[in-house]
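Below is one structure, written out as structure tokens; the observations come after it.
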Amino acid sequence: MLQVGLNHFLFVSAILFSLGLFAVITRKNAILVLMGVELILNAANINFVAFAKYGTGGLHGQVVSLFVIVLAAAEAAIALAIVLNIYKLFTNVNVDEIDNLKE
Amino acid sequence: MSLFDIFFYLFALLTVISAFFVVSVKNVVHSGFYLLFTLFGVAGLYVLLGADFVAVTQVMVYIGGILILLLFGVMLTNKITNVEIKSGATNVLPAIVVIGTFAGALVSIITRTNWSESPSPAPQTTIGALGKLLITDYVLIFELLAILLLVALIGATSIARKKNENASEV
Amino acid sequence: MDINSLIVSLNLIKPEIVITILLFLVIAFDLFYKDNAVIPYITLIGLLVSLVFAITGLPFKENAFSLTNSQYGLLAIDPISSFFKIIVLLASIFVVLFTIISDEVENLKIRKGEFYTLISGMVLGMLFLTSATDFVMIYVAMELLSLPSYVLSGFMRLRDRSGEASLKYVIYGSVSSGIMLFGISLLFGITGSTNLFAINAYLTNQSINYLTLGLSIIMIFVGIGFKISAVPFHFWTPDVYEGSPITITSFLSVASKAAGFIFLIRFIFTGFTNGVAQSGFWNILPVFDWQTLLIIIAVSTMTLGNFSALWQDNLKRMLAFSSIAHAGYMLLGIAVLSNQGILAVMVYFFVYLFMNLGAFLIVMIFADKIQSENIDDFRGVGLTSPFLGFALAVFLISLTGLPPTAGFISKLYLFFALVDANLIYVAVIALLNTVVSLYYYVRVLKHLYLSKPTEATPVIKMSYSVNLLITIMLIPVLLFGIYFTPLLDFAKMCMSFLIN
Amino acid sequence: MEGFPILTLITFLPVLGMIFILLIPKESKFQIKLTSLVMVALQLVLAGIMMSQFNYNAGGVFEQSSFQFVEKVKWIEIPGVSWLGTVKIDYFLGVDGISMPMVLLTAFVSLIALISSWKIDKSVKGYFALFLLLDTGMMGVFVSLDFFLFYVFWELMLLPMYFLIGIWGGPRKEYAAIKFFIYTLFGSVFMLLVMIGLYFSTTETLTNGSKVFTFNLLAMMDKTNFTADGILSPFNPHNLRFIAYIALFVGFAIKIPMFPFHTWLPDAHVEAPTPISVILAGVLLKMGTYGLLRISYPIFPEITRELMWYIALFGAINIVYGALCAMAQKDFKKLIAYSSVSHMGYVLLGMASLTSVGINGAIFQMFNHGTITAMLFLIVGVVYDRAHTRGIEDFGGLASKLPVYTGFVTVAFFAAIGLPGMSGFISEAFVFVGAFSVPAIRILTVVSTLGIVLGAGYMLWTLQRIFFGKFNEKWSELTDLDTREYVMLIPLTIIIIFLGVYPSAMLNIMNTSVNVLAKFVNETSFLLN
Amino acid sequence: MSESLIVTLSLIILFLPLTGFTLTILLGKKVPKIYYTELLFISLAMILSVVIAFFKLGTYADKTIISSFNWINMGFISQGLNKYIELGIQIDNLTVIMLVMVNIISMLVHFYSIEYMHGDKKYTRYFAYLGIFTFSMLGIVLTHNILMMYIFWELVGLSSYLLIGFWYEKPSAADASKKAFLVNRVGDVGMFLGILMLFMTYGTFTFDDIYHQISMGVIPFNSGFWLTVTGILLFMGAVGKSAQFPLHVWLPDAMEGPTPVSALIHAATMVAAGVYLLIRIFVMLTADAMLVIAVIGAFTSFLAATIALTQNDIKKVLAYSTVSQLGYMVMAIGVGAYAFAFFHLITHAFFKACLFLGSGSVIHAMHHEQDIQNMGGLRKKLPFTYFTFLIASLTISGIPLTAGFLSKDGLLAGTLAFGSLTGHWLIPAAGFGVALLTAFYMFRLVILTFHGKPRDEDRFEHAHESPKLMVIPLVVLAVLSLFFWYTPNPLGADQGWFLSKWVVTPQTVTPEFTRWNFMQLEHAPKAGEHVIHSNMYMEAIHHAHYPAMILSLIMAGLGIFTAFLFYQWKKVNTDKLAAAIKPLYLFSFNKWYIDEFYNGVIVKALLVLTRVFAWFDTKVVDGIVNGVATLVRWVSIGGKYFDTYVVDGFVNFTAFISGLFGIILRKAQTGKVQTYIVFVVFSIIILLILL
């Protein structure tokens, strides 16, 4: 059981994913929400790399994770820009308070 | 329990615990720092998985880029004088219920699954192979990413720049 | 992958290359050329050229950028992808034209270059998405599509609603894509590949864990559902549609959705189908119950879309819900899991392109003039501006699906497929939904015509070119309602990839 | 006349007029009205020509060769592939004895309604354009022999009707218009489903011998054309024909309007402007029953027979219930509207008998109700134009002030009561004779005769309250009929009385076809047990 | 004169009044004198009908001339044969006699009306209505099939409606016309159902065909019971039109119409149409049906006679008398006295028309005063009127030398025979009782109106004999009420031409087991022989003849005597008598009572509850009609609410639910993106569970 295998990595990634999701859902600050997103992406990445090692996928998994890291950066940049814009408009970045658009 | 296992548990604990703090501490800046440890732990896991190049990229891009970006974001969205860079929580109860269920399902499914495993270990160094893959099989995506980054750059500047445009905008 | 096959592959993606060049041209013009008024026209030309290539590319039926030791690659250039490319490009062309007309974006003179750069980026992402057969490609293309759209939805950056829309969009979008990515990683773990063909081969031959596969598919579906705004992944849609500039809203409602749909079709057909029966029905691998999932999603999507639209006072928001409902109808076409169903989706999309964009265009013109999107402010506009009113009426009737408009034909083919597949009860639900939808579409007509125009009701006169544009959009809606042979022939031809 | 596309002409003439109208500037109101008038009048002339050329001995109903003025050209043809059969839709028009009276009725009532529209002053251009479009839709429904075409025309009417009620209607016009629209659309979506189901169950043999799915109504009536496994094919042991029949029936029943789907009618009538009420009651309601005869009966004969008791039951309910509701009304127009419900019940009852006499009576009643109710609504319009109220209690003793008007009212009312010598009597008598001769629905027929008394009750009571008794001085300014109103009412009166005295003029047209239909429904054994 | 000429002339007679009507109604406004054409046409029709009658009765007395054509093709009935509805006329002796009768009275009324209606603003329209009425009535007379009879049946209903409501400004007139039409409709529905039964069984409407088939043994549902039902259903038409209990209530009210109209329609012709119908269908009536008819007829005549006793409105008395006499005729049909029923129909037409026109003359003279209590002594002022009125009264009372004596006597003999043969003695008892009452109330009327001292001096002073145009018809009618037109023997009509040659009782065609046994023939009729009834019946009639004559004479005499005793010689104080038998009196005097009842004084109504008849008449009979109307109104109001709240409500409820659904959905759209994501994750779980 303690012998580390694929499942252990997947277990870590699952927890990371859940925590990321938790952050996205619960944190008010938009930047913390973004951090949650990063956690989710990292969880996925762990999976890819783990499967690359233990599974039949080979290096392709690592390639994917590389791409994901780059995409995460781009996404973070755009998201941050938007958050800054929000800050300019609303003088706060609390996601739950920005709900003018609704029924 | 081999050294590999010990390191795994080390990095795993580091990752999970700091991630837990990321989502739970009030202070946004503290969260950022905990995120640093999480990312670092993940990088460690990469190394354990034989993905040295990915680990390096993780450290450079994530820690060196994204995290800094996020911290800048924290600074910029709070007045400097504002000491309380804190963030409350919302939706906690539904989140615990929903995500608890979800995580349970995830974990149980993952552990029960018979993954397609192959005994062959990964090659010792991956940089060469990776590089080859990037410019052969994935060359299109590679180029596409370049364009994506360019577009993202333009997009980000477009939305975040200070300069005021035409006043007629509503 | 050697250089020869690379050149062959590049030859196959001419439309995408044209868009890439366009992207750089726009950036260059923006940087070095003072008068950025030409940029829209450059974009138009680029899109048109790309459209021409897309049309000439219709006969292609090949894999491009194949992986080493594999006949399959990142892209599959086939007629159906060309069809959706044409849809995307047509939509883009129209949206660019709208933007030229629109006061909203036109006022932001200085940022015109950025706008068109981002549009071009989106188009590029969509084009790649139409033919992507590898999850890596899919994911990257989707991000390429999403990132500019986040920015564009917040392009009116000094407007609260626009900013809010972009924030919601970006959070929702990145979470969705994160979940999807996690799903992809699980699928990768199960099958050891990100390529759809390889996944198919693996699923055909190996036994797999049903639950894990289901989980990964559902998680991937979150990403797709986000793009096509299918219930329950639609929540962003009304808020973002309402907040975004109307041109972007219309673009998202058609082009972005089209990209999502072709991805879904490919995912199911390439990944989970083992050939097509003579009757046109797909031999779905028994690893996952696609039909149930899709029917549940489709039915809830259209029902929710329609019922939510009932009480909307904001026209844009109403059209947002209406587009959700239409996504539901189209999902039904896929849920049939047969060639007939896909044909119906294609016909539907082609018609939807015109009628939905048309409706958005008129609403945009009205909203520009009235300075409101609230339905109550539209009282009697149909009477003071007869042509625009008439056009909106036709588009809305077509959206309802009444003959003799093309909207009827598209629904007709959908029901053909459903009845052919014996999904009668689904057809009944869909039809009842149509009745519900009538109510809110007609509600617009009611305000347009049945209410007396007040003093404040403007008389809107547009230039001939705008009227021409409207007419161009009206013609297919009316013509295909009466004589739909060409439309069907075209769609059927594009279906040929599924036959072999 | 061979080869002359008279049906196309009669159907699309109004559209042509609409195009002309759209080209006329909206200030030229008179020209617009004149154009419409000419078009609709031409339509009536064409209908007259058709009648003069009509072969009374050709049956029609299920065989193309005995339809008349047939036009059949390819409309849509999409060659098939392995998984998708050839899609072929014909532009297929034709009339037989069942549709010919309806064509006449449509042309005639349209003209009357157009004359009645002469006083419309608000958005003249839009009104007449929509009116003509509506006309085309109505005519198209009656001459189409292809289900697809039928459906297109059927839906084509909805929108003009919606606007005509909604823009030119009364105070609650919006409510009434949307109610009408939703109700009818609700019905027609079921029809659409049945249409598609039938399409996938019926094949037609092309000249080259290949079999393709078809929308051809006549092909659907031939048992040999059904596929082995179509969901609406009688050969399929799990077929859904029964459900399909119900669905189709609901679609038509809403239009009729049959209890309990009738509540849109009073609202629509009350709010609609007079000419539109005339069209609505005169022509639109007939589409429901026409559809039953044209589509439900010959395509689903076995279920028709199975359900005939229920059809008769609803007919009887309509008759009695409509009459009772009419009696309680205080609004003149609403009363007439409910009387329509009652009168359409006779049509249902007659149809349910499945006998030649009953169906003859039903079709004749459709025609007669068209003319009589048109007249009744015109009458309401006349008094409403002058007094701007329709409350029955508001009037009294008008007979002495408006003698000629009262005369016409009396004629119309007695026609509605079914007084011999007027057309309504013949059709009602036929309906009763037909229905009574069928043992299964005899009791219902006896119950329905209650309608005779009740009908007389509310009509005469109304007559008394409005026209008899002490003259209400409030209305001393009212004037008697003007020329335009004479022009509308006199032709109607003449037709009503002429057909009452010489009903064969109409009955002979339909007789052969009805015989064929009745025989077809009774003898075609679709039930394969 | 050939048969075809007779047919042609009959058609001309039929359409002359219609032409008059059309011309008058269309041109009435432009040419006020147009009504002369109507007068001209009706006179022409009268002359022609006399001519026809002369030739028909003289030359073709034994022949029935039928001429018909196919009117409507009804489509297949069976075996793929097209069925046609025929229209046609049937000219037999009854027809021509009726033609003459209708035309004569119609013409007289036309002329009478010239003066009577003088000055009315709807003068021309009045004549037009008379024209359409005459046309319709002639249609009933001439038809050879039951459907056509129904058609004209309804048309006379229409004319009656128009004429009763002629003075529609009077709410009472408008009410009465409506009531008449509706009550008639009720009867007509029964008749219509009967027609449906006939058509269903025989596939034809033509009398001869139907009777032929019945004689072949074809009967509805192969059951004698249903043949009876058919007969009774058809009889319902007669109940309505001939104002039989329980549908008699419209006729007294119908007196709101102009008096000449009452004479023509509500006394002489239209109301007799019911009897005419019974005569036409006589041969298919079963024993049971006949018994029902007889009982209803007898009861009606008694009921009406008792009411007539106390009425003070001259027209009301006559109206109830009409009801009573119609009951006689119906009763006569019921007991099988076919010939006498018809005979009485004809004689009644003349004398009742005479009475009505006479009353019209009185009313005219008295300036529209109708209450006999305000009259008296008019004999001197109105000699001609008095004289003719007296003759007619004698006729109705059944005094020898009048035609009424002949017909009534025969009729009563029939009932007596019937009673003796079947044991239903109540029927003759009612018949003779009514004879007594009739004589009494008629002479009460005569005495109160013409004899004694004037009670309203003022009006009396101004009263004067009516103009010639009004008096001459009276005289003509009075003369026509005398015996010599029908038979040379003033004491028995049996041997007269009317009964022996013209009116011949036809042989019933009903299956034997449904007949009275006394109607069973002993032998088959030979050609040309009029075998009416069995010997048993003939004997019974024969035996009944003299007792009936004597008894009826006694009754009539007693009645007249009593009337004189009461009113002329005032030997009995009528007031005291009325007080003495107050319950019975009030009973009869119910008119008052209705008004009070409707004014809400139900308590008073309860006080006289014991008076069964009045109660029965006003509350049950009339009350049923009114009550049914009320009930119907309640039901219809209920229907309206049902419609508004339930049916419509259901639809609106559906809409409401849809709306609610929409609102719930809106709740989910919170605007908070994080909530959205919760939903997303939640749905993933749900989908996972579902799959």
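Letters are used for the chains, namely A, B, C, D and E, taken in the order the chains are written, and counting of residues starts over at 1 for each.
Here, a contact is a pair of C-beta atoms (placed from the backbone, for glycine too) under 8 Å apart; a residue touches a chain by one contact, two chains touch by 3 or more.
The structure displayed is predicted, hence computed values, not measured ones.
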Handout entry: Set of chains adjacent to chain B and to chain C
Key = A, E
Exercise for the section: Determine the chain that sits nearest the middle of the structure, using the mean of its CA atoms as its centre. Expected result: D
Fill in the blank from the handout: Note: of the two pairs A-E and B-E, more contacts are counted for A-E
Problem - From chain C, the most remote chain by mean C-alpha position - result: E
Completion exercise
Relative to chain A, largest Cα-centroid distance belongs to chain E
Practice task
Averaging only over C-alpha atoms, locate the centres of chain B and chain D and give their separation in whole Å.
Solution key: 70
Handout entry: Distance between the centres, which are taken as Cα means, of chain D and chain A, whole angstrom
Key = 65
Practice task
Averaged over CA atoms, how far is the centre of chain C from the centre of chain E? Could you give it in whole Å?
Solution key: 80
Practice task
State, to the nearest whole Å, the distance from the C-alpha centre of chain C to the C-alpha centre of chain D.
Solution key: 43
Practice task
Check each residue of chain D and list the ones that touch at least two other chains.
Solution key: none
Practice task
Please set out, as single numbers or ranges, the residues of chain C touching at least two other chains.
Solution key: 136, 140, 143, 147, 150-151, 154, 157-158, 166-168, 171, 175, 179, 189, 192, 211, 215, 238-239
Fill in the blank from the handout: Each of the following residues of chain B touches two or more other chains, namely 90-91, 94-95, 98-99, 102, 105-106, 110, 115-116, 118, 137-138, 141, 145, 148, 152, 155-157, 159
Practice task
Assign the assembly's chain-to-chain touch graph to one of these shapes: line, ring, star, complete, other.
Solution key: other
Handout entry: All touching chain pairs, where touch follows the definition stated at the start
Key = A-B, A-C, A-E, B-C, B-E, C-D, C-E, D-E
Fill in the blank from the handout: Residue set of chain E touching chain D in the complex reads 25, 71-77, 80, 82-83, 147, 150-155, 158, 161, 165, 168-169, 171, 173-175, 178, 181-182, 185-186, 188-189, 192-193, 196-197, 199-200, 629, 632-633, 635-637, 639-640, 643, 647-648, 650-651
Problem - Residue numbers on chain B that touch chain E, as the complex places them - result: 90-91, 94-95, 98-99, 101-102, 105
Problem - In the complex with chain C, residue positions of chain B that touch it - result: 105-106, 109-110, 112-116, 118, 136-141, 144-145, 147-148, 150-152, 154-159, 165-166, 168-170
Problem - Touch list for chain D against partner chain C, complex - result: 75-78, 81-84, 87, 123, 126, 151-152, 155-156, 158-159, 162-163, 166-167, 173-174, 177-178, 181-182, 185-186, 189-190, 192-193, 196-197, 199-200, 231, 240
Exercise for the section: Using the touch definition up top, name the residues of chain C that touch chain D in the complex. Expected result: 276-281, 338-340, 343, 383, 386, 393, 397, 402-404, 408, 412, 415-416, 419-420, 422, 424, 427-428, 431-432, 434-435, 438-439, 442-443, 445-446, 449-450, 483-485, 488-489, 492, 499
